[in-house]
Amino acid sequence: MHEPETAQPPIALELADVHKSFGATPVIRGVSLAIPRGERHAIIGPNGAGKSTLFNLMSGRLAPTRGRIRLQGEEIAGKRPFRIARRGLSRSFQVTNIFARMTVRENVRCSVLWSLGYRYSFLRSIDKLRDANERTDETLERIGLASRRDALAGVLTYAEQRALEIGVTIAGGAKVILLDEPTAGMSRPETEAAVELIRSVSHDRTLVMVEHDMSVVFGLADRVSVLVYGEIVASDTPERIRAHDAVRSAYLGASDA
Amino acid sequence: MRASSRIWLAAAVMLALLPWVPGLQSDSARSLLTQMGIASVFALSYNLLLGQTGLLSFGHALYFGLGGYASIHFLRAINAGLPIPTPFVPLAGAAAGLAFGVVFGALTTRRGGTVFALISLGLGEWVYASTLMLPSFSGGESGITASRTKAPHWLGLDFGSQLQVYYVTAFWLLASAVLLHAFMRTPVGRLANAVRDNAERVEFIGYNPQRVRFIVFSVSAAFAGLAGGLHAINYEIVAAEALSATRSGAVLLMVYIGGVHHFVGAILGAIAITWLQVSLSDYTTAWLLYLGLLFMGIVAFVPGGLAGLAMMHLAALRTHALPAIARSYLVALPFALVASIGAVTLIEIAYRRATQPEAGTLMKLFWIPMDTAKPWPWIGAALLAAAGAFALYRAWPRVASAWAEAGEEMHARA
Amino acid sequence: MRVWLHRIGTGGLAVALLAFAGLAGAQFKMAYIDPLSGGAASAGVNSQKHVVFFADRINAAGGLNGEKIEILSYDNKVSPQESLIALKKAIDEGARIIVQGNGSSVALAITDAVLKHNERNPGKEVLFFNYAAIDPALTNDKCNFWHFRFDADVDMKMAAFGDAMVNDKSIRKVYLINQDYSFGKAVAAAAHKMLAQKRPDVQIVGEELHPLQKVQDFSPYVAKIKASGADTVITGNWSNDMLLLVKAGKDADLKVKWFTYYGGGLGSVPAIGRDGVGTLKQVTEHHKNVLPTLLPEEEAFHKRYTDKSDELYYWRIRNMFAMLDAAAKKAKSNDPIKLARALEGLQLDTPLGPMQMRADNHQLLQPLFVSTLSDKARFDVEHTGLGFVTDEKIDAAKTALPTTCKMQRPS
Amino acid sequence: MKEIVAFSLLNGAVYGLLLFMLSSGLTLIFSLMGVLNFAHASVFMLGAYFSWQISRWVGFWPALVVAPLLCAMVGAAIERFGLRRVHRQGHVAEILFTFGLAYVIGELVIMAWGRNPIENHVPAVIDFAAFRVFGTSYPFYKVLMMGISVAMFAFLYVAFKRTRLGLIIQAALTHPQMVGALGHDVPRLFVLVFAIGSALAGLAGVIGGFALLTEPNMAANLGPIVFVVVVVGGLGSIPGAFVASMLIGLLQTFAVAIDYSWLDLFRALGWKVAPGSMLREVWSVKLSQAAPILPYVLLVLMLIVRPRGFMGTRET
């Protein structure tokens, strides 16, 4: 369900001439990107292109050296991650980053608390928070971990942990979802299940995804940006990107033309 | 009635009947029980930091001591006429603990891990030395005294006898346990566990880990202050050693030996270490060596602590591997016993020679008289220890395999 | 650590063994509560030897009204809290007299706890014999009927120093250095008062309070003493704070007269060595060269304890047991209240001169000696070849000072 | 007045160098293995006891060599049989293991040498005055200590910044698997590092034994101040630890020389403080009284303002 092209949809996430360098070495060299609300946007590029750094800049883990980042029109460059998360941007991690010694259910429930307004309350028993528990169980159903809800997150299989990673990211109801290589290390059937999950989860939200598996990218993305050596060399629909020579040379070395 | 309230009721009944158990009816036995109660409240408050939030503090006695001082000054005010009965004095300790927890917490909880540990160590040493310099607040080395009986009676009791002080301590222990257990079931309690497991990820679900640490730290300081208040009532004196580094070290030993990952672990540890400190030190001057060895053994071999050990065995009861485990224990335990008797004898003889020459060389150990001047006790003990240890080393794989078998079964069923 | 004979396995077994071992007759139990492990253990173990030694001598002579004295030892690790735990245990096991000395902080805790116990348990009263905690408060504003002190307090010892200083014109500039807690401050205050009275011409050129048992390196403090031009130092430091202070003085070859409370304590003379000859002074109720020959008690003590560091340092414990023995004979009963009343005002002769227990504040008056370290002494300290020689003797009666003690006496 | 400054400078430098000698081993172990060794001061104490025992048998100079070697063996044993099991449980377990170890070593020392301080006097061979300042002779053993301390600094700075072994060990801290993959036996490397660190502590103990008092409580009295040096200097930086040691040494020595308190400052500024109030006691504490707690004040302030310390490379 996407608005017709003509009415210009509001911009969910916008990067304006963002630079980032570690000491003397520049990693992000002037990236500008505007992602309209509801769009599924994929970022691809060879290893070391700066994809994860870009994610870290957007989610507040790193502060840009120069340039501005706006989330639904509000400046978030350099803000602490929890301030950005509260404004409705939630991200997952390439290396699974969950609460190992807590149960699956508690992992997800922790991520719903802020959005339901429970802030730092210590006077209410969590078992009595009906809305939080409902939202948690609903998310567990969607990521297919309802049956494993009382297992410790640390003992889950790799695929289950990746699913939980997505669950924790989406449970808070954030409008903008950043997924960092969600299907990395998954088998074919597991990847397909993950794609269906991402499709249903990002139904009415803005999705930004870093992914290497081209079948996932072309199966899901409305638009694809190609990041090479810290710069966006192309940003277009999947079909045009596939035919784009700059992309081919970046991936396959010098083009034969 | 939900499961948890049944547990609390059972705990209440047990606490009520404990001082009437034969053998525990003497004043000093009840004093020991009271000390265990005070240590348990302090250990529970500390486990909120170490076990639930992963904050390793080397200066938690600060809030115990400052709470104690506030309570003893409050008790002196009561002696001077303030119409408040003695049992409510620990609330003054909790209030002081909370106040100092908020003030110092804002400084120290900016970071977790090693930085937090070292700040707590530095702050502990700094405030301890400073209290000695403020005699009107701390009474210096000799401390501040007050009377728990010169106060308005409550329910017709004057709280002079040790039994009544025990019941005041038991009440506050139960209250603290219920409150702290409930605290862990609140949003901030859940987030405390999240900060322990992965403080970085907590920031990405909208919470500031520093704020979570700060709240938990303040609550923990309040309960440590409450324990300080109970200390003030029980001894009617609070001296600078109430906030010394040795007390901070003791609570760390209690919680870790008891079992950091289990709520009841802190209480188990408090009971074990208090007994070791108060009773074992009457039997042998080497009690601190045994405590140190026990602690290193727990850290290296049994990270789950006593509670972890108990839980493991409870779970194993339901598996088919139980007979295998029992058999392996039958073989291993005697060797362990032999090894420890040899080691203990060696230690006791050495201690007698090094620290108490005046008590002469005649000694009775495990009902066997021996003369430390002659060589045979030394050789005998050393041989015993070595033989026991070697046999235990050989028998250990059998124990390990039995447990492996139980582990697989438990895993399969989980 | 409990005396082994009485603590095998459970308490019950110990009692059975006792009866079997033929130690007939009821026991008069005394509890010894002092540090036996940790930092100050050396002092605690040393005085424990004295208590056991003198108790055995009374037992050899038939005990107190036929009851043998039994010493129950408890390790309080110099902590007020551990002491109160030990006190409860001692009272539970029937101790009638508590003996303690190391640390005024512990003494203040015990005297307060004993007062409360006796008020709350009529008929089961206990007495508190303090042989070394010399904070003046214990026999003044914090005195009580149950506490007896067998050592001169801070002010009495400072007065003794005063008598020694009156005619020593070489003393012109004094430096005070003490530990930063109640006892240290009491010594500093006493010094001010004494000098103002007895030597107004002497100038106090410096005053110092350093944290208790925390300073590792005293050279900065010694540098200040040298810079102040002081020719005399008065200090109440004890144990490590005493050893390290005189050691730093020796390293920087500081030439001053040391007026100390515990300069003769374990390890201090070896630490200062020859630098102390003629300069290291102390005020005590006894030292090895107080009489031309060793006292019989000293010879018996050295026969029993042969370790190098064993010295008969606590003569006042001998006086304590002598007073207890006399009081028991006078009262013809071992009941604590009767013993206490018998002790009040009791006068007794000793080889060093008469002594008397004051009735108004339960402070023992005994002869005091100001002595100086010398290399020509007949008997040396800890095999160092150096021993103390008397400068000034102050008779018991002259050591009395006014008291603010107003104690409540049992009806 | 000139005399006080000269002496304070000299004493401050000596105490600072003693602190550095004591904490250099810890800085090494911490910077290369990330282990905050609570038992480090205990190994220092062992060094003092070993050197006392050996010098009674075979004289001081052999003891100066043998005692550190014995401590190195103790350090190697601690890592090989103790810490190796605990490494994988994370830093907290490591710290706690060494925390228990400090208790045990303290009691073992009591078991072997008793509770009383031992007469660990400066051995005759080095007991003479090195030079005279303002009419006071300065003992040679303090000069020897300064020499050893500076030598240690040079050895550490060169050995681990400029040699291949140093680089391998530093790499092994952050990427043990990779260094292992490159063919280096990482566990053995850690044993070596722990042995060297303990040897440094032992050497410091040999000299420290005379300067301070050799008794079972020695480690407990010194323990915390070692962490102040390491943290204030900067976690993992050897030059930082040197600067921090000198700072603390001089700070504490000069503070003792200053007999003024806040009250005197207020009086100078003309402010009046109500007599008898509890706060008056706070203000009347003289700086010389508070000298020994200044290091801890420095530790807390440094950790709040700049957790990395002067020249630290990282925080944990």
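Every chain is named by a letter (A, B, C and D) in the order it is written, and numbering of its residues begins at 1.
Throughout what follows, a contact is a pair of C-beta atoms (placed from the backbone, for glycine too) under 8 Å apart; a residue touches a chain by one contact, two chains touch by 3 or more.
All of these numbers come straight from a predicted model, not from anything done at the bench.
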{"item": "Minimum number of chain-to-chain touching steps separating subunit A from subunit D", "value": "2"}
{"item": "Centroid-based (C-alpha) most distant chain relative to subunit C", "value": "A"}
{"item": "Subunit C and subunit D: spacing of chain centres that average the CA atoms, whole Å", "value": "36"}
{"item": "Subunit A and subunit C: spacing of chain centres that average the CA atoms, whole Å", "value": "76"}
{"item": "Chain centre separation (subunit A, subunit B; CA means) in Å", "value": "45"}
{"item": "Cα-centroid distance, subunit B relative to subunit D, in whole angstrom", "value": "30"}
{"item": "Per-residue multi-chain contacts in subunit B, two or more chains", "value": "129, 133, 135, 288, 355"}
{"item": "Multi-chain contact residues (two or more partners), subunit C", "value": "37, 41, 45, 180, 211, 214"}
{"item": "For subunit A, residues contacting two or more additional chains", "value": "none"}
{"item": "Complete list of chain pairs which touch one another", "value": "A-B, B-C, B-D, C-D"}
{"item": "Footprint of subunit B on subunit A - complex, ascending", "value": "59-60, 80-82, 85-86, 90-91, 93, 97-102, 106, 109-111, 113-115, 118-127, 129, 151, 155, 168, 172"}
{"item": "Residues of subunit C touching subunit B in the complex", "value": "1-2, 4, 7-9, 36-37, 41, 45, 49, 74-75, 79-81, 84-85, 88-89, 91-92, 103-105, 108-109, 112-113, 116, 120, 135, 180-183, 185, 211-212, 214, 305, 307, 310"}
{"item": "Subunit C-touching residues of subunit B, taken from the complex the two chains share", "value": "26-28, 31, 35, 129, 132-133, 135, 139-143, 145, 147, 149, 160-162, 231, 235-237, 239, 241-242, 278, 281-285, 288, 355-359, 363-364, 367"}
{"item": "Complex interface listing, subunit B residues touching subunit D", "value": "54, 56, 107-108, 110-111, 113-115, 117-119, 121-123, 125-126, 129-130, 133-137, 245, 249, 252-253, 256, 286, 288-289, 291-293, 295-296, 299-301, 303, 347, 350-351, 354-355"}
{"item": "Parts of subunit B lying in touch with subunit A, wherever the complex brings them together", "value": "182-183, 185-191, 193-194, 196-198, 200-208, 211-212, 215, 219, 261, 414"}
